């Protein structure tokens, strides 16, 4: 159960701004499927448009990082922030980009280790070494 | 200021368990430098040993993920968990492994985007799409 | 599924302390409905009483902030803390106090933006400007 | 100490993209002051531009929420995410928009209460009441 | 729904490393029951082994803290990190170790209070008193 | 640097409500020292009073949990929430109540382990076992 309605394709027809984003999602992904996140955001067309454009320019363009690496970073942040939906959607996206079980296992190991040492550092209030300065 | 003492090399001499880990850190990293995290953990030798072994086996071995990618995942988790020390130490480690400014910029962009959509999803309580099931 | 029982009206009869709080919740809200949070807290009557009094004095009194604004702040914190129940209950409360879809959309946009810049700041470890000092 | 350099006005001259954003920040805020967040982001001009545009469109436009309310929501999220810099900068911004000590005190009270009940709910795993459904 | 498969006893037979851990879990706990966490981790046998050994040495050995106290600390961290599964499994473990309803109520009260003051401190950015230095 | 002023004893004289709480803190703790948290809260006397009463009734009364155990739970939550001030003040309080280095080491080990498994569970989205139901 959501705190906003999930906008169906039928409802999207009524708003050209929503329709334009839905059309671009389908074209960019070469798939008719639009996942619930965008259907929820469609309640606020400007927020939908800005969020989609932010995601498209950050995740779907060529750049210095491999698209699979970006998805794994996304999973790492989503895990630490406790977002179940995001963990599911970006694990599916990482698999679609070729993530192997061995890579997934190592990703999990690094996430778990980082969380452990993050908490140890905070509990001990370790001061930053001068050697780490830029 | 820390909540525990930082164990100096002089103090480490008194405890063979601490000395053994400090020696292995130096050998593994091929450097005399031991950063504050290990000096703080050295107050509890078994915890020091277990944590170092966990880190060594997760970060320093050959595997399915590039060592630089592991460091970037570490930065992502540490950022979401708000650990300043960890962000500093692993950004330094990522640079030592060749992270370019362009890669760093993309890492930051993905972290920021993920945090934004994590919060939007949680605020709207979006249900997981069946398409994401394993 | 909960980690404690949800105390029914029948069970509340047995404990005057619980009954007194349930009666005050109903009187304050002018409604017979008591939501699950209070039924769970009723396992520990002093905690129930203190929590209800804290909530009543913070949310239900006249003050410097509009009651709707307080509910939106509540949603913001609950989102960042990843509390699904709280997001649901306070979004319902905000709607009951007149939150419009446009206000909800802007609330979501600010929450998402804040999360994004929070993470960017932490990843870059930006020092506080002197201009922000009290 | 930061993990990236803070770009000075002198360094910004070399990059028209950075200069354009710095100029727009100054014009929008009617002030020569550019705070460290933007100087840190300036290491990655496209991220600087996108983040500034996101912030400007979310915080500085007319809309359904009062600008002061938006700043208080920003403070709430930044507090829950543990971002010291953001708490400082947006408390200063809220004061600049007229936040009184009484309003600040109520904001703090709501943030603290929400955090308390968020944790109680999570520890008891309270199920969402049907009454809260959209 | 998980992002990895839950490994059944039948599937565990195929991998001696998984079988060895499952056998040790059963022997250590003197119970045939293996909970889902270990069945999920079994997709990556080395991670399964390391995680189980870390948990066994931290939670199941004699030491300076009572085993029930360790379980309550585990619940506290799991609550603050928003891990539903962990709250459930460690509340069950604490009950199995004798946690009374009165102890559970006090645990909840401390968790809630700590969360409230954590957020108040962060929102006010209170500097550490010299008196707290080691 | 704080976002509110720290109220000195001289300034507290002007407000009987603040004075009353400061007096009770000194009497309850049998010490003249008032730490910065209360001096910051003193900007809002009702919030100061409510917070102090909540803390006093939760931490300073006889009950089912040992006072040292309550302090360790407080440290655990404060660590997971990333509150440096709170980690410092409650580690000092735990030491004042007799926490030994061995107990501190085990507390840290449990906090680190819990954080690690919290993140592993979230990344794998492990479903709650029926055996854990109340």
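First chain written, first letter: the chains are A, B, C, D, E and F, and each begins at residue 1.
Going forward, a contact is a pair of C-beta atoms (placed from the backbone, for glycine too) under 8 Å apart; a residue touches a chain by one contact, two chains touch by 3 or more.
Since this is a predicted model, take the numbers as computed values, not measurements.
Counting C-beta pairs in contact across C-D and across A-C shows that the higher total falls to C-D. Repeating the C-E interface, with the same residue numbers in over half of the contact pairs, is the pair A-E out of A-E, A-F or C-F. Between chain B and chain D, the centres computed from C-alpha atoms are 27 Å apart. If you average the CA atoms of chain A and of chain D, the two centres end up 21 Å from each other. Shown for chain A are the residues that touch two or more other chains, namely 1-4, 46-47, 50-51, 54, 77, 79-84, 87-88, 91, 102, 105, 107-109, 111-120, 122-125, 128. Interchain contacts join each chain to each other chain, per the touch definition above. Against chain C, the residues of chain B that register as touching in their complex are 75, 79-80, 82, 84, 87-88, 107-108, 111-120, 122-125.
Contact residues on chain B toward chain A in their complex (touch as defined above): 1-4, 33, 35-37, 40-41, 47, 51, 54-55, 58-59, 63-65, 69-70, 72-74, 76-86, 88-92, 100, 102-103, 105-107, 109-111, 113-129, 131-132.
Only residues 1, 3-4, 43-44, 46-47, 50-51, 77, 81-83 of chain E touch chain A when the two sit together in their complex.
Remark: chain D residues 82, 87-88, 91, 101-102, 104-105, 108-109, 112, 119 touch chain F in the complex. Interface residues of chain A facing chain D in the complex, by the touch rule stated above, are 1-5, 46, 50, 54, 57, 128, 133-134.
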